[in-house]
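Scrolling down, you'll hit the structures one after another.
Same chain, two partners: chain A is paired with chain B first, then with chain C.
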Partner chain A sequence: MLMKYLFAKNEDIPPGTATLFFSFSSIVWFIIGTGLGSFNAAKLAFPDWVTGMEYFAFGKMRQVHVMAVIFGWISMAFAAAMMYITPALGNTKLWSEKLALWSCMNWNIGLALALISLWMGMTSGREYSDFIYPFDLIILFGVILPVALNVWMTIAHRRTQGIYTTNWFFAGSIFMLMIVLLVGNLPEYFHLTGLTEAYLTWWNAHNILGLWITPVAAAIAYYTIPKITGNPLYSHRIGHLHFWSIVIFYSTPAAHHLMSAPLPEWLKSFASVEGVLILVPAIAFVSNILLTLQGKWNMFVENIEVRFTVTGVLLAIPLNMQGGFQQTRSINWYIHGTGWIVAHAHLALLGFSTFIEVAAVYYGLQMIMKRKLYSLALANFHFWMLLIGFSIYWISMTIAGLIQGAGKIYEVPYIDIVIAEHPYMIARWFGGTLVFLGNCVWLYNMYMTAREGTVVPQGRMVHELAYER
Partner chain B sequence: MAFREYKIGAVMFGVALSLSMFITLVMPSFNIISVGSTAVALDKQLTYGYNSGFTFSDPFLTGGAAPHRVVLRKDPASGADMEPVTAYVFSAGMPFPSGILHPAVLGEGTDDLSVEQGRINEASVEQGAVFLVQHGSYNGAEYPYIENATATRGWLPDAVLTAAGDANTSYAGAGKVIFVREGCWWCHTLLPEQTQDFQYFGAPPYLGDFNGESPTAFGSDRKAPDLLRVGARNSSKEWMMMHFFNPRLVQPHSIMPRFDYLWGETDANGNKIDYTAWRKEYLEYRRGERITPPEVPVPAPGSEARYLIDFVLNLK
Partner chain C sequence: MAQQVSMVRKSLILSLVVGMVVGMGNGSVFGIYLMANLGRGNFAEWGGWGWQSYNPFGYFNGFMTWVMLVFGVAFIWILLSAIYGHDKMSKAGVGSGH
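What follows is the complex of A and B.
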């Protein structure tokens, strides 16, 4: 079907086709990414399981998990949401469905090649920009740029007067992502070395999270909650505050990832203060969404998309309380480099942003296929597998991190920390595996929705129909 | 209708983002540019070479484009005995590190001394070059600098490697490539915490210790001891050998993967390594059916295990 549309005339491609492909691709990448994560976690819990084989060594697979999840699952689900929500909010069609399909295909092929090369050991050796720079350039100009063009041109050709909050974020974030990928990889393009390389590595990592993943996930919630509950957004003013404080505050604290490196002290202090100010967009976002739900909290129980989204928004509260304060010097001293940070990263990506995106993919696929979800029971199962799996992961890694921090401060021989952490490593593997299994069920559910979901009658919204299974 | 109504917003967006990038990129760059190299930085970049991650001269990260570090006891040009000297040998075609390509990254003083006295700008990749780290004074202050011994003393790369011999050759540069490729840095950081026990982990790095190094591979997700100065607290080649082959031989509770595959096909004596038999005997040992674990083969000189051991022992 993809091949048929890739060479069709733009007008002949049904609207939403790109989102369809992006959504299913993202689910498959989510399964691959969490499967790799589960495998890696098993290796940390049981080091002699699958041993002595070059391509199944932990150090070769760890970054493949991270990059598959960030660029396969999270970013592709973002693209799916952008290709659907941007035209819907502009009361128009996507600028070029064909370009979007091409970028989807390029994305899948480019990412698969990049991940295979990474798995083979071809790496830049820079965390979160591990891909070798030819692939960075392919992703930037072959994938991100076409998606960005589609977003910008769709907004420019909109048939509404104003631009809704979600679309500010989409247009702004994808622009900032391109700048970040361009600047963050300068050390690889121009062989910048030493502290410049170290700092730009974390400048890139911080800003991919802060200017791409966090705001786009929030933007999706700004669409799905008002759309499905039928309540208007509580406050556009607070939305403004959120947007501008993301641009101003979230783009500056990169150096707080390197508090123990010999970087300029003014930069570390500045980054630390700006890092606390991340609470401004965080509180604006969470309060705006939760207040939008006034009078509709029953949907938190009854509607699977609202439940996923609101769970994601609620997880943003501990996420930002951690994020705001763990980078101040005194707390950073204790938890830096420990499992606490791993837990925090999963709270951001597997908690906050994944739950919001899962809702978007559930909702978008039903809307485009015009079919009601095949099974609410399976969706509920998916929700609880994700939430319980994530919670086990997060709690066990947070405890492990606190143990590690104590061991670090009180100068315990390292092997004693490894021994003390072992039960939590097993728990982390178990939690991660639940997430992986839940996602397999999700793919089955969406496949069955495409085949056997009840057809939504013309003029009705999917969330108006009752669940049947 | 485009973004007409949003003109002010778009301009403000540009201003805000530019301001943030000015503060976080341009302003720190003035500080970082002004950092002068320490002798450690010169040693590191001459040991590791151009880059330890992906480059087109070593796309599969085999370590083949990394220089060798040797200890010389005889002058390779004249053959006369001399005090031991550490030399960094870039054979023909090996790319030079940043400091040689762009002496400005070495910092004031070091830059001037390396060009004027060390004649590093005369080095050519086509012919290869041999470098030394020296100390000198410039405008009344002491600086370390790089000497191009091929220009100043007529030492040729091949002659230096021959004069040193394999026993005096360190493959630490290739070892760092393996360190990056195998992802050692996902668990072992190269940057101790500012407040961590210095007596155990060694002093934290100095500001100028990184000039010219790429990637720095500090690491962030520590699941194992910091390695910045591991060679200073454990200098045993045998321990490292056993630890890489199977970490649980020396530390029963370790969760480190086995890196036995870095040994390749044959050991130092040219005998084929029988991994299946080794693992079988090891399992017998684990079950208590053997008193001692099987012998760990000594890695061959050109094996990746040898590279990695040289790199780790060199971290001081």
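What follows is the complex of A and C.
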């Protein structure tokens, strides 16, 4: 079907086709990404699991897991949401459905090649920008730029007077992502080394999270919660405060990843203060969404999309409390280089942003296909597998990180720490595997929704029929 | 009939799990800030009240784990109180409120 539309005239492609392909691609990448995560976690929990094979070594597989999740699942789910929500909020069609389909195809092929090359050992060796530079350029100009063009041009051709908060975030974040990828990969283009390389590496890593993943996930919540509950957004001004405080405070604290490096002290202090100020956009976002829910809290229990989104928003509270304070010098001294950071990264990517994106994919696919979910029971099962799996993962890794921190300070022999960590590594694997299995069920449910889901009558919205399943 | 079931009851398990995780997250920040600051100077002997911060012969992580658990329970209470309040508002017919 994809090949048929790739060479069709733009007018002949049904609206929403790109969202459909992006959504299913993102679910498949989510399964691949979490499957790799589960495999890697098993290597830490059971040291004899798959040994002696270079290509299944933890060092190689870990990079593939991280990049598959960020550029496969998270970013592709974002693209799906953008291709659906941007025109919906502008009361218009997507600027070019054909360009979006080409972007989707380029994305899948480019990412698959990039991950295979990474697996084969071709890496920049820089965390979160592990791909070698030709793939960085393909992702930037062959994937991100076309998606950005579609978002910007759709907003420019909107048939509404203003630009709703969500579209502000979409348009701004994808612009910022392009700058981040362009500047953050400079060490590869110009072979920069030493502290400059370290600083730019973490500037890139921090801002992929801060200027892309965090704001776009928030933007999706700004759409789904008012849309599904029927309540207007509590405050557009707080939404603007959120956007601009992200631009100002979230773009500068990269040096807080390098608090023990010989960077200038003023730069580290500045980054640390800016890091605490991340609480400004965080409080603005969480309060805005929770206040929007007034009078509709029953949907937290009864509506699957609202439940996913609100859980993600609630997880943003500890995420930003940790993010704001763990980079201050006293705490960073204790937890730097421990499993605490791994737990925090998963709180951001698997907790906060994933729960919001899953809701967007559930909702977007049902709206585009005009079909009700095949099975609400399977969707509930998916929710609980994700929540319990993530919770087990996060709690075990946080406590494992604290043990590592204590061991670091006490100068406990490394092997004693490894032994003390073992039960937490098993718990981590178990939690991650629950997430992986839940996602397999999700793909089945969405596939069956496409094939056998009850057709939503003309003029009705999917969420209006939520209680009639 | 379903309308009569209180929102607190319907959301109990969800609130327990989500509230616990959110609370433990906040507790992790409070606990480690307290520990890292109070521990300065004589850190090796200080692991918080009741337990050491690291016990090589066991898996319990002492003070920090207690703080996270207490915060977890506290946030469950906060979440359930908020849902109870919203339930009362809904039953009183107060709409979206804004």
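Here is the rule we go by: the second predicted complex is superposed on the first by the 465 of 469 C-alpha atoms of A that agree within 3 Å, B and C clash if a C-alpha of one lies under 4 Å from a C-alpha of the other, contacts with A are read in each partner's own complex, and residues count from 1 in each chain.
Operating definition for what follows: contacts are C-beta pairs under 8 Å (C-beta built on N, C-alpha and C of every residue); 3 or more make two chains touch, one makes a residue touch a chain.
Not measured: the values here are computed from a predicted model.
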First, second, both or neither for A:W333, with chain B first and chain C second: both
Please work out whether A:W203 is in contact with chain B alone, chain C alone, both, or neither, and reply first, second, both or neither. first
Across chain A, the partner (chain B or chain C) reaching more residues is B
Applying the touch criterion given at the start, work out whether A:S269 contacts chain B, chain C, both or neither, answering first, second, both or neither. neither
Scan A:N106 for contacts with chain B and chain C and give back first, second, both or neither. neither
Would you sort A:N10 into first (chain B), second (chain C), both or neither based on which partner it touches? neither
Under the stated touch criterion, which partner chain does A:G407 make contact with: chain B (first), chain C (second), both, or neither? second
Where on chain A do the contacts from chain B and from chain C line up? 333, 409
Spell out the residues on chain A that touch chain C in their complex, using ranges where they run on. 229-232, 234, 291, 294-298, 300-302, 307, 311, 314-315, 317-319, 321-322, 324-326, 328, 330-331, 333-335, 340, 347, 351, 387-388, 390-391, 394-395, 398-399, 402-403, 406-407, 409-410, 412, 416, 420, 423-424
List of chain B residues in touch with chain A within their complex: 1-3, 5-6, 9, 12-13, 16-17, 19-21, 23-25, 27-29, 31-32, 35, 41, 45, 50-54, 59-61, 97-98, 105, 180-187, 189, 191-197, 200, 204-207, 209-225, 247-248, 251, 253-261, 275, 279
Can you list the residues on chain A that touch chain B in the complex? 43-45, 47-48, 51-54, 57-60, 62-63, 120-127, 132-133, 155-156, 158, 161-163, 168, 172, 176, 179, 183, 187-188, 191-199, 201, 203, 244, 247-248, 251-252, 254-255, 257-264, 267, 270-271, 333, 336-339, 341-342, 404, 408-409, 411, 414-415, 418-419, 422, 425
Contacts from chain C onto chain A in the complex sit at residues 7, 10-11, 14, 17-18, 20-26, 28-29, 32-33, 35-37, 40, 43-44, 47, 53-54, 56, 59, 61, 64-65, 68, 79, 82-83, 86-87, 89-90, 94-98
